[in-house]
Structures are given as structure tokens and as C-alpha cells.
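Okay, handing you the structure first.
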Amino acid sequence: MNRGMKHFITVSDYSIEQLDRMIDVAGKLKSKKTELSLKGKTLILLFLNPSLRTRTSFELAMKQLGGWVVTLNAGGDTWKLETEEGMVMDGTSVEHIKDAAKVLGRYADAVGIRAFAKGENWEKDKKDPVIDVFIRYAGVPVINMESSLYHPNQALADIMTIQEKYGKDLKGLPVTITWANHVNPLPMAVPNSILLACSIFGMDIRFVCPAKYDLDTCIVDRAQDLSVISGGKITVTDNISEGFKGSKVVYAKSWGSLQFYGKKKEEQKYRKNLVHWIVDDGKMKLTDNAIFMHCLPVRRGLVVSDSVIDSSSSFVYDEAENRLHAQKSVLYHILGV
Amino acid sequence: MNRGMKHFITVSDYSIEQLDRMIDVAGKLKSKKTELSLKGKTLILLFLNPSLRTRTSFELAMKQLGGWVVTLNAGGDTWKLETEEGMVMDGTSVEHIKDAAKVLGRYADAVGIRAFAKGENWEKDKKDPVIDVFIRYAGVPVINMESSLYHPNQALADIMTIQEKYGKDLKGLPVTITWANHVNPLPMAVPNSILLACSIFGMDIRFVCPAKYDLDTCIVDRAQDLSVISGGKITVTDNISEGFKGSKVVYAKSWGSLQFYGKKKEEQKYRKNLVHWIVDDGKMKLTDNAIFMHCLPVRRGLVVSDSVIDSSSSFVYDEAENRLHAQKSVLYHILGV
Amino acid sequence: MNRGMKHFITVSDYSIEQLDRMIDVAGKLKSKKTELSLKGKTLILLFLNPSLRTRTSFELAMKQLGGWVVTLNAGGDTWKLETEEGMVMDGTSVEHIKDAAKVLGRYADAVGIRAFAKGENWEKDKKDPVIDVFIRYAGVPVINMESSLYHPNQALADIMTIQEKYGKDLKGLPVTITWANHVNPLPMAVPNSILLACSIFGMDIRFVCPAKYDLDTCIVDRAQDLSVISGGKITVTDNISEGFKGSKVVYAKSWGSLQFYGKKKEEQKYRKNLVHWIVDDGKMKLTDNAIFMHCLPVRRGLVVSDSVIDSSSSFVYDEAENRLHAQKSVLYHILGV
């Protein structure tokens, strides 16, 4: 069943050279300097959570490469899936995720999975159980379309966007990854993945967040290791001025606190003092004409001001567009001859 | 970004000659006398409301023309969209429609949008805020798949259907557009668009509705102007016998009253006296062997009797089929070389 | 409109020779010994109920054959459908199924329908009203993707799977079709269809179920007739040991009792004594190294133990995979030249 299988789970499974090569291919596809074909290949996309960009860009990526794609919404159009192992299925779940994985693997040459953290129990969530089941049982390459831990396709498109602005060599580029306010405790996959990606590329990372918003140590430690290898630097601070000063890139994202995990009400109370964590003109002025980045969707007025996201410094739509090109490159990396 | 962009928002943006040309192409596609290709083009369809015919016929139109198409259900498979401008997004909406527009415009060569009136505030609804945002921000041609104000693809297929029965020159053709009973206050896009289309084609229009069911003056005034230009005629009446007498076409549709807008309960009470506004055999006998038309979906037993819709005078399925051919023509008009 | 129309409603409409031929084609497609094309053909799939395998395998079957396919979810993305005839539609249903059938028939060369039993009134359900409406009104071939009575595409893939294991001639092969426990009263389409299919192929059928779980007499009588023709045998028993002894195939499925139809609470009480109706290692040991089969989705721990479904005797994923190949053959049978 194993055909020298290449999954795409996290950017930290790849070297800077491998990621650079994937982005090169993406760039050539974007500028129509190359054409690739996945004719005769089948991709299945399974969404356990909503999606606009990921769904659209993956469907189009596969179609435009000449392949076949089927999109499934778990629990909506299809059956409600059980993720616990070894239990008696006498509840409301109709199908075990393990069986769905084995079946979809029979139909497809690769399977894309979106499965967010459930937000109740971090020890369970951080095992990325859905992705894990597909890797173990699908028998075909698995593409992570955002799990509890990682959103590698977003990070790849983000690096591509930064390179379009600042050139291929990003070593030492001062980049601010900043927490931002929100009404809900959002998943950490995006900050995890952009932190890892910037570390791989040796950037001068300022990771700015209020107390209690550190990422999981497994991510932070891995980023530190990668940063040492690449000759980069990671500074963690809760001082906004320090974190934004002189930056070339402001990458904003809200996420939930691990200390309040599963305690939404408590976290909302704590956040009442964090409403100033919005990326606005004042903060952008501290930077060295930084570009503004965000993975979208974004809450305007909470995470970022209209003035910033609608300015010429905003590269959020380039990031979204680059998803299409980067994912074509990922698909070809995995399924191409 | 602007590439001599052609949107398709309302039939009243087009001359009779332009519409005739589009219908000619549609007819040739239907009779397989011509083949057109949109190979390499991408269409995204975004539905903020349900659809059977529009979804199926647009998907098939694009696929059969050789293009790529992705269909999205806002708020279901994708994120809940915010339509208000300049607000703090601290409610339940996850993404601003403006950002969705800009992103989808990066992926597609054209975007089709369905966004019904919300039915609370007519002054807001009549600005067609969703369509308006896409026109301003998507950067690609926008196709109206039914907005608060217009349903141009329906009207185009309707005119095509009438021409198939009565020939190309519809000037002076007596046509009855009649209000019909229903349990809910439905949107006005369909009556607006068929009134405008019949006006452009110079028909002898009898617009029949009970008191309090006039369309918005912006529509009625525009229709009057178009009717003058085309040498047509518009008679508005609440007298059913007068409205149906001698007609060649009965176009039935229910819609909500502007006077009861947002006041569903009050309107339902008022409608208790309007249950005789059903198109039945008695009313059809007043006509000159009129064909029966309706855009579907239709409430049988409320809007029309089974006997009329299931008779040989019923052209409702031809209208539905012609959606496919007319929309291919529209897509080619917009995206073809 | 009738073009020598071939529907695919139940395997019992076909002879053993016809079914064998369809499976032969499916096998050749699976082993890539033949290529077939439905280029230029359009298939519409309408789901009134959820689906994973059926949706994925039908979409892929049509796409991989080069045809066009559109998938619709009734009541979700599209309008809520009314199935009663001749009524005043003043409730919550927006479109009559009859009108949907006529419209979809205008767009498609064939229509696939999934419409489960509603579970309230068996006399109504057993008429298969939705499938019946499509046959009468769609004007194009109708493919049953599971109705109240039948799931023919499942049965075809199941026979293909049994033949892959035991060869083409299945006459006299001892096969156990066994009821299994579940929290809900499930539809009977699958047991109906596998019973009919095994009868057509002349197998030695042991139909094992507890009291009150007999299938409808219209199915049992038909199966008896087919079994006589094919030289097969049907033994009905509630004795598990007797039913499993010496079998080569164990086909498990839960379904609801006709005697408790529409009385879910009462049935759940009755089932408290049926929890031992799970296919586990003990029961499998009674057989002659039988393969385990189930259509999926399956409730692990209720219908079957993990140990059985995860063993090398489990052929459930082959059944699922064969859906793809068998359905390509069905589609080509119906739409090919």
C-alpha cells in the first residue's frame, strides 16, 4: 500500500531547500512559465470544519492541473464521524473515522483533511487524532488542510508572499508575529506553522503576545531548534513597541490561550484587558514600512483596523491567491511523476 | 484589474439588440448548431441562499463549455459573511463579504452571486449590498444569480421561451404578469426582472396585483421608460378579469408587499382575503390560449392549480431548461474571447 | 423523451446473465483492461439523505468516465421538497418533487436518487414514492442510490466482491445474512437487495434474524421465486449457531422491525434483549472461514467487534472500493452507446 508515500503535514518535515523548490514551482505556475499535469489522478478533500479559501483553492488547484477532485463535508452531506478508538458506537456518530479513512483511500490517490482542534482538551487535540488516523489507515498520501497543530499550506503560501516582496533570501529579515484580540479562542495551527516556517528560513522573529498566550512548548522548542540551524533568531515579548519596532513584516493572528483551554468564559473575562491588541496605524508606524499579513478570515475592528487591512501595505489577498499556486506545487510534489 | 469588465446584473443594462443576440446564441447552443468553449476559464458560484435550477444550470453551463467551476454555500460549508461596512466584527459573522469578494476575485475569471433580500429593511435591501460589494471589490465580472432587485438570467430564459412560442418579434404581444398567493412574503427580483424584460421587448403588459403589491417605483419608472422607447405598453390593474383577458402569456409569481416589509404577521392577516389569487382554469379561460409561465419553485395549490401547471399550456419546464442555454450564452458573452 | 430507457432500480429487474455481464465490465475497469467513455453525458445526483461512499463513488465514476456530474443536497443547498401528490403546498416545503424531477430531467442524461424510507408509515414508504416520481416524470433513466426498498448498486458491488473471493459460479455457496444490533431502526434497503441478489445467484442463503425482524413479504416472496429459478435455497432462522455454521460469507446488517415501524421507543425496549446480536470472533468461528461483509457505515461495538472488522477476513473495504467500479459499469450500461 505504501508507495514511497509523501504526506504533507507540517512545513517542519521539510528542509529550507525543499520548501524553496516547492515555492519556485509555485512561482513558475503563477507566472505561467511552466505547466504541470495531474491528469488521471484523484484527490478527495474532507472538511470537518468550514472553509472558503482552502476549499476553493484546493478544488481549483486539482482541476486546473487536470485531475479529479471530490469535496466532502463531514457530518453535513456525509455521516457524522467518530474519532475515539476502541469504543462502542452507541452515541450519535454513525461512522468511525478509521473506516472513512480506509474507504476514501481506496478511491483517491491522495486525501486532504481539515480537522480543527475541538477546544476542550489540549492533550487530546495536540495528538491531531484525525490526521493521525488518516496517515495510519488511508494508505495514500495525506495533505493537511489545517489540523490542531499545523496549517502547512498556509505557511507555504505566506513564505512565498514574503519572498515576492523581499526576495528569496529571508535570513535575518525582521518579522513580527503578533497575537490579536478576538471574541473567540481560535485554533493555534496558523501561528504554529508560521513560527516554524519563519524559523526554517532564518528570519529575525519577534513573537509578540500577552501573558498566557504562549504556544505549546513542543512547537516553541522545535522552532528554536530550526532557528539555530538556519542562523535565525526568536525573541518572545509581551511588549508591543519592542515587538513591532523596525519590522518588515507584521503577521497578525488571534488564538486561544492554552491556560484557559476549554474555559471560554474565563478567557473572555481575561481578554477584556486585551482590546488594545489590534493591529492599527499606530502599531504599523513603529515598523520599517512593514507589510501586513493575515491568513483570513479576519475580524475587522478586532484583529486589524480597516485602515491597515485596506492599505497598500496589506498583502492579505496575495497570501490568499498564493494558496492556489503553492498548493498546485504541493499536489504535484506528492502526486506528480 | 479592470479588463473591460462586463458584469451581468440586470437585463435593463442591455438593449433589445444585445439581448436578442444573446438569445440567438442560446438557441444555437440548444439546437447544437454552434459550439463554444470557455476552456481555461474559472467561474466561482457563491450562494447565500438555496438553489436548485440556478445551481445546476450554472454548474453545467460552465462544465459543458469546458471551463472550471467551484460552488460555495456561504455560512454552510464556508464562513458566515458580514455585509455591514466599517463595523467592529464582534458578533457571529466570521468574514467580511468585502474580503471574500477580493479573495474570490483572485481565484476566478468571473463570480456568480446569489443574495436575496433579507426582508427586514427595504431601504437597505434595495441597495443590493452584496452584489454591490462584489462589483466594487472582486476585480472580475460579476454575474447576478438573483439579488434583492434582479434575476436577469431568469428573465433572459423567460424571453427566450416566449420567443420559441411566438417568434422573435414580441412587440405588442399581450402578456399578463400576475401576483399570486403564498404563505410567505417572497422576494421581488423575479417580477422586477420580467417586467423590465417585457418592457424592453415592447410587449403589451398587463401587470395584475392586489392593492399594496406595487413594485418599487424605481423599477416601475424604469419599466415605463423602457416601454416608451420600445413602443410597448404597461397597464397596472387589480382587476383580474381585465388583466387576464386576451393574453397570450400568463406569468405568475408571488412576492411580498413593500407596505408590509418586515411585518410578516400583518401581511399574513391581510392575505387572508387574497386566497383567490391563484392561477386556475377559470382565469386561464379568460386568456387567448395563453401559455402559463413561472420561474419555479412554485407552491402548487396556492400560486397555481395542478390542472394549469400540469396542462399542455404550461411552459415552466421549458423556462427551466432554457436557463442552461441562456446562461451558457451569458457566460460566453462575459468570458469568451 | 423515452429513448429505450433503462432505469437501475433493483437487481431483481435483471437476470443473472445481465448482472454477470455488468460485473465483468466492472472487473475489467478495475484491472484497467478496458476503458470506457461517457464524454458529453451529464449525470445529476440528488441526495435526500447523507452519503459518503455513494456520493464519492458516483461522482468519481462519472468524472473518471469523462462525463459531467452535478451533486445536489435536497433541503440543504436546494429547496425543501414536497412528496405528497395533489395537496395545497401551504406548509414548509418549497418545491414539489414532481417539478424537481421534470426540471432535472431537462438538464441530465440520467438522474441518481437517494431517498431513504421515512420510518413513519411502511405502507407509504414501501411504494418508494420519490423514486417512483422520478421514473414517471424525469423523462430520463433513473439510478437508485438507495430507496426505501432497494440499494442495487451496493448489492452489485457485493456480488462482485464475493466473486473476487470465490469465483464466478456462486451456486450453492453458503452465505449468512445476519441481522445485527444498533441504537436506531435502520432502513431495509440493504438486506432486501443482498437477499434478492444472493437468490438470483443461487446461493445457499441462511437468513438469520431475531423474531419480529422479518423483511417485507413482497421481498421474501420474490427472493423465494428467484431462488427456485436459480436452484438456490433460503433458510430463515433465529438460531445463530445454525445460521452461521459452515458459512463462507457473513453479511451483517442492522435494520428496523416492521412490527415496530414508527414506534422507535418500543423497539428500543425490545432490543434490550438483542445486544448479543453482534458479529464477533465467537460467531465467526462457527463458519467455514467466512469472509465478513458490511455495506458501511457500521457501528463498531454494536454491529461488529473491532476484532472481526479489522481482521484479514474483513472484506468491507473491498465492497466499498468495488462500488466505484460497479457503478461505472452501471452508468455505461445505462448511458453508453
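To keep things simple, chains are lettered A, B and C as they appear, and every chain counts its residues starting from 1.
Note that a contact is a pair of C-beta atoms (placed from the backbone, for glycine too) under 8 Å apart; a residue touches a chain by one contact, two chains touch by 3 or more.
Fair warning: this is a prediction, and the values are worked out from it, not measured in the lab.
> What's the call on chain A versus chain B, same or different interface residues, using the half cut on shared numbers?
different
> Rounded to the nearest 5 degrees, what angle rotates chain B onto chain C on CA?
Rotation angle between the two copies comes out at 120 degrees.
> Averaging over Cα atoms per chain, report the distance between chain A and chain B in Å.
40
> Specify, in ascending order, the residues of chain B that touch 2 or more different other chains.
If we look for residues of chain B contacting two or more partner chains, we find 76.
> Can you list the residues on chain C that touch chain B in the complex?
Within the complex, chain C contacts chain B at residues 42, 44, 68, 70, 72, 76-79, 82, 86-91, 94-96, 99-100, 102-104, 106-107.
> Which of the residues in chain B come into contact with chain C in the complex?
Going through chain B, the ones touching chain C are 47, 50-53, 55-57, 59-60, 63-64, 73, 76, 183, 296-302, 306, 309, 316-317, 320-321, 324.
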